[in-house]
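Naming follows writing order (A, B, C, D and E), and every chain is counted from residue 1.
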Amino acid sequence: MTDDILRTTDLTKRFGALTANDEISLSVERGEIRGIIGPNGSGKTTFFNTVTGFYQPDGGSVHFDGEEVTGWEPHRLARRGLGRTFQIVSPFKNMTVRQNMLAVQTDDGRSREEKRDRAGEILEFLEIDHIADNEARGMSGGQQKLLELGRVLMLDPEVVMLDEPAAGVNPALESRIMDHIHELNDEGTTFVVIEHDMHVMKTLADSVSVFDSGSHIAQGDFEDVSQDDAVREAYLGGTTAEDDEVPI
Amino acid sequence: MSGGDGSSDVPTLSAIGVEAGYDRHQVLHGITFESRDGVTCIFGPNGSGKSTFLKTLNGIVPVWDGTITYGDVDLTEAKPEDIVTHGIATLPQGGGIFGSLSVEENLNVGAFTVDDADAIVERKAEVLEVFPALEDKLGQKARDLSGGQQMMVSLGRAMMTGADTFLLDEPSAGLAPRLVDDAFGLIERLVDRGAQVVLIEQNVRAALRLADYVYILAEGEVQFHGPPEDLSEEDELMELYLGL
Amino acid sequence: AGLGGGSERDYFKLGAVTSLSGELRFGGEVTQRGYDLWADTINEEQGGIEVGGETYEVEIEYADAQSTPSTGADAASQMINDGADAILGPYSSNVTLAVCPIMEQNSMPHISGSAESPQIWQEGFEYSFGTIPTVSIIGNEATSALLNLEPQPESVYVTAVNEPFSVATGEAMRAAAEEAGITVENYEEFPRDTDYTNVVSAAQNADPDLHLHGGHIGSHVDLVNAAEQLGYNPDGFLMHYGVNTGSYRDGAGDQGPYTFGATVWIPGVDRSGGVLFDSPQAYADASQSAYDTAPDYTQAGSTAAGIVFQEAFKELGSAPPLTQDDKDELIGILEEIEVNTFYGDVAFETEGEYYHNNINTQTLLVQLGEDGSPSIVGPEESATAEANYPVPAWDER
Amino acid sequence: MTGPVPSLDRLPGEPRYWYAGLAVLLVAWPLLFGDFWARIGLGALMWIGLAQSWNMIGGYAGYLDFGHGAYFGIGAFATGIAMAQLGYPFVVGFVLAAVVAATVAYLVAVPTLRLTGAYFAIATWALAESIKQAALVTGITGGTFGLSLPRSSETFVGVPVPFPISEAFFYYAMLVLCLATMALTYYLFERHEFGYRVKALRDDQDAAESLGIDTTRVKRQVYVLSCVVAALFGAVHAWYIVYVHPNDVLAPIITDRMVIMALLGGLGTLTGPVVGGLLVFLLERLSSVFLGSTTFYLPLIGILIMITVLFAPSGIIGILRGEVDRADVRENVKELGEKFDLL
Amino acid sequence: MVDIGLFTQIVINGLLLGGIYVTIGVGFSLAFGVLEVVDFAVGEYVMVGAFMGAVLAPILGSEGVFVIPIVLVVFFGVGALIQPLIHHVTTGDRPHPLLMGLVFTFGLATFLRGSVLTIFGPNNQDVPSSLLTGGVTIPGIGTFPVVRTVTAVFGVTGLLVFMYYLYRTRGGMAIRAIAEDRTNARLMGININRYQSIAYGAYAALTGSAGVFIGMTFTANPGMGLQYTAFAFFMVVLAGMGYLPGVILAGIVLGLTQSFTAVYISGNLVLLVLFAIIYVVLLVSPAGILGKGEWAT
């Protein structure tokens, strides 16, 4: 038996007539990096929202770390160890970058100093420590993405769900973010990552789930999945995912 | 590659020593830039000032120092709404569609500065030809479309202006791979029609396939400019700023 | 500023709290005119108040209560702090109720020229007096006078705005009708900002002979406007307070004439002699020339409050500024005093539910003529004109 | 960037001398200047405290409570009912004010705090008006006649106290309440991590939830706290003014004033409501002294509000702290001028 | 026992009262939904309109309606000049744009109320009209007061004109695009200052003229504005914020609730009932009774 840290069973979410998530059953093993791909509007973000408690599911259940957590409030899940980021960045605009980090609330009884130190480390790693005392409203799009990632790491979560962490991020930085994800993963953190950048998917994901029209249509190694005709048709189009060659 | 034979009569959009920023916080430290025929790409790390620079070109961010000209016209102090009438269209970062307006209305808003009714009809037909997927959605509210379709709407809307120069800020961000292809395909089409495109992209690999000229911005300064071929000699730059 | 009144002063200094802004500003202006007219007249005609052979001018210092009790209390306190010899009261019962305790604490004589709520006198404040009788008296007596008109009305409909003064008025009207054995079809209270078509439709449906209404001027205007629009034609409307004011005449426009109102004084009242002003008409003329406004009983009562102080000062015989002992003595004098004025003979009750209120007044029933000017139509012994009753229907005017 | 600690370090000399001087002045105030200025002082302290109570929910938490004045009225009526209807001494009324306000606020918070922005603003306004209308037609509040409270030495704690219940007494009561409010605000919102959580939920509720912050609970805590503070001021006010009427203590203008004071001073800052409260209160209260007996101060206050919002958006505190300087104002005026290009 | 005559009359009263609310609700809803201004000054525009009626009508042959064209022009102009100020306070890097707009218009309201009070004093002033007096009685149904009926027609006409402009014309499309995103609207070549000024000017013009009608129906008084501000809020909440077609239904609901409560329950409870309804509607269906409103915060 595999050690599932996160498992959904027939998870369903409807918006009026639209079924954004249609009986999605998916399990994530402890310690893996799971990629989620699928066309725009296929229900990936909705899945995140339902799993993390932002939407009440219309059916199905969510299990996290051996416990049923269906319908838990987001903050409770977050403190329990299930962190997530948002596709559309959501910095606390009127607070400084550091305060953004320190606002995070955990149950682990860390002292203020420990929290400050940890925040400093993360900011340094993400290379936004030089603007730590600037208001977040003045950050560029990419910087906001980094802050988004940094904040969730403050939770020291067991599972981190990242919604398009690389979108709009400069390639140089992107590869550093991936390194860091690998690093954290080596230390035992599980990741679920939505990403449209196939280069990222390929380097990052141990396995990939494919969504289409609200359903979970395929799962497997990135290589296998990306050769799948249905996936190519629905999602990848003419691009060959392996096409890494730079045309210069 | 297309278009770049230097014979196009599209005016050159150029910036000389542009300085700008927000409140008292300076972002751009003297940018000198010129749009070329075909696609002029701007790359650079996050927060390097790419979007800010684009916003000085389209008038959203006021220029502190330096000048911006379009052919013979001085646009340094011009307002966004006037800049459009000179033939410069923008696709802002994120697309910026009007969600509560229908798709058709979005296209019509794009043609707001166009008085010629026939031209509007013609261009709308052209947009639908490029994006047949929009045909069925004309009456729908734009916000009900998927992310990729929304990007088509904003590209189509930019085309409706009938502009000669297009400023595109990360048109492929957040799009599924096959839609990325579509977006880049559209850029090629614009160029084929003789337009100049200024393109900001983080999807450097894909963008380089189109680029006729490349600028690399970092910390509000131009670190490199030249044709893409010259980039290959700049290993350090590539590594540092483009992750290649 | 701030430290006492200074012990050298060769004039009487009165503090006046009144609402020059806020909801009560209309009444506030009326009282201000009343107080000012007294002070200006005595200063001009007699050079001030004569005490012990010397004449001392009168000066009134105003403070705006902004129609709210707490500001009124501050204003009163400001006056006391500035060393006023006595205080002229605010407009409206709410503010007065907040000001009176300040007077008690500071043992400061205070006469109100315009507060009409019975509540004030029931509290039994030692330092506060009022020249205007409570509305429970006016409302009751005016209604009785109206009910005596021929043809005898058989039913009335009573409405009142839900505010202390107006409710007291409405209840007094209802009580008068019940005492007279007349059917009260309904007694209804509602807030000021309501739509009067519904009030009127309900009343119209009950088809009373008379409509009695307690409220302030704006509500009267709304009521007659709605009545006109819906063609509601009882034999007459009796409304209190303020039918015989310029504000009602201007606000009601064509709907104003024939309305009945209540007062304890109008310029046309038959009365001769008095301190300072020889007759009601002389007073009205003075008002007309000073402010271009015909006075109503609130303004007259306010002027009378000044006159009472003036007489009490004379009797006291102390030069300003008054000491605390003088002020305490003044209270004794006020309790005993009887002053003959153009407004009437003013004397204050010394016990009972009207403690320190002047109820020696004659309530008058007035009716507005075609030109909007009031004439006295009741009670019989005071009437100077015949009531136009039943009043003509709206479409026959 | 100015630190979270309010500083007087722009003033010449050692800050602590300034603080000491201020403390002495505050304590000696009623003794130095007499009853009238004691009343002005206590009014100012009350409004500073009320503005600060609004600042907690409106400034720090970003919930535009347009019914906050209702809790001032609830506090006043709780005290009024305890003293005038039930014959209890003031202290009982004071405690009752806190209990009633906390209970009502909690019950209101549960459904109402789900709304945001203008929806929340209008809902709270409607609720406050409902409360006022209900008080006007209910017997226990004295209905339209209001309640008169007994004010004597025995009515403080039930037995005579050895000091007079004078203006000075109420001044000190307001002073203690105001300082306690300030201290609480400083500790909770500027020092404690609680403050970060509140600001986080103000900026982005979903993000705050995703980071472990129980936003529902935090909002509710801030709301109830700010309402109780307003009610306590209402309680003292009721006894001081000895007469409570729905049209006075439940008037919408009370909320309006709190909002304007907090905003003009500087929202979400500790010292903003102090500056704004002092300024607006003194302007309104002393205007008749300076302008004579006219209503002319109304348009003036209106213009002042408009100008401040137009040119000093971060409030007066922003100017005092040097965050806004002449160049900013010039820039602001220039921008405004551009907007007038209508053709 | 329900008296049929009274019942139908109450319905008429309610509907026509609703018509008066529609005249205020239309412009306010536009300002609210399209310009994202929560305008505290709305009631004061009504008040100033009524005063213009009171002051100008005697000059123009004692007819309030003759004043309407003047009010339309003056208010449009003044509104067009005020809008840039409001735009200024609700944009830029201000941390609380909504609140800024609210407080700015509160200052404006105080200014208008204080100015009229200082200039004209606190008295009531009649807005004369000899054309719109009395009522038309239809036997068996009830009486239709002429001035109220005309006011209701004016309100509904105003609504239709606004809707036509907003949904059928190029300028209306520009205004809706601005409502969505000002910066992007500029990038489409829309002069946002001009179109926002047009929208606000139109709102002010309609509201000011409503003031003349209200002055004819009731009276003009410097303190009258506050209650109309309250009613304007009632209207947008019930209609759904920014949803213009909902305004009619909101007017009907508001008017009927008020008249039925006043007559069949208690006059004293009218405002309590109205405020309670607003509160409950916001809790249960913040998008209005039709659920169609929307307003970005």
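Please note the rule applied: contacts are C-beta pairs under 8 Å (C-beta built on N, C-alpha and C of every residue); 3 or more make two chains touch, one makes a residue touch a chain.
Just so it is clear, the structure is predicted and the values come from calculations on it, not from any experiment.
Student: Which chains are shared contacts of chain B and chain D?
Tutor: Neighbours common to chain B and chain D are A, E.
Student: Along the graph of touching chains, what's the shortest path length in steps from chain C to chain E?
Tutor: Tracing touching chains, the least step count from chain C to chain E comes to 1.
Student: Give the label of the chain whose average Cα location is farthest from that of chain D.
Tutor: The chain lying farthest from chain D is B.
Student: Which pair, D-E or C-D, has more C-beta contacts?
Tutor: Spelling it out, more C-beta pairs touch across D-E than across the other pair.
Student: Compare the CA centroid of chain E with every other chain's and tell me the farthest one.
Tutor: Chain A.
Student: Using mean CA coordinates as chain centres, what's the gap between chain A and chain B in Å?
Tutor: 29
Student: What is the distance, in whole Å, between the centres of chain A and chain D, each centre taken as the mean of its C-alpha atoms?
Tutor: The computed centroid separation for chain A versus chain D comes out at 43 Å.
Student: Distance between chain A and chain E based on Cα centroids, please, to the nearest Å.
Tutor: 48
Student: Calculate how many whole Å lie between the centre of chain B and the centre of chain C, each centre taken as the average of the chain's C-alpha atoms.
Tutor: Chain centres of chain B and chain C, defined by C-alpha means, are spaced 76 Å apart.
Student: If a residue has to touch 2 or more other chains to count, which residues of chain A qualify?
Tutor: If we look for residues of chain A contacting two or more partner chains, we find 94.
Student: Please list all residues of chain E that touch 2 or more other chains.
Tutor: Expected reply: 93, 95, 114, 117, 191, 230, 268, 271.
Student: Can you tell me which residues of chain C touch two or more of the remaining chains?
Tutor: Those would be 21, 25, 162, 191.
Student: For chain B, which residues are in contact with chain A within the complex?
Tutor: 22, 25, 43-49, 51, 93, 145-149, 170, 173-182, 202-205, 208-209, 228-229, 231-232, 239-244
Student: So in the complex, the part of chain E that touches chain D is made up of which residues?
Tutor: Contacts found on chain E: 32, 38, 80-81, 84-85, 87-89, 92, 94-96, 98-100, 102-104, 106-115, 117-118, 191, 193-194, 197, 230, 233, 237, 241, 268-269, 271-272, 275-276, 278-279, 282-283, 286, 295, 297.
Student: Within the complex, which stretch of chain E touches chain B?
Tutor: 93, 170, 173-174, 176-177, 179-181, 183-192, 294
Student: Report the residues of chain D in contact with chain E in the complex, numbered from low to high.
Tutor: Those residues of chain D that touch chain E are 58, 62, 64, 111-112, 114-119, 121-123, 125-127, 129-130, 133-134, 136-137, 256, 259-260, 263, 267-268, 294-306, 309-310, 313-314, 335-336, 339-343.
Student: Given the complex with chain D, which residues does chain C contribute to the contact?
Tutor: Touch residues, chain C against chain D: 1-4, 20-21, 25, 32, 62-64, 66, 68-71, 73-75, 77-78, 80-82, 94, 97-98, 101, 105-106, 119, 123, 162-164, 167, 191.
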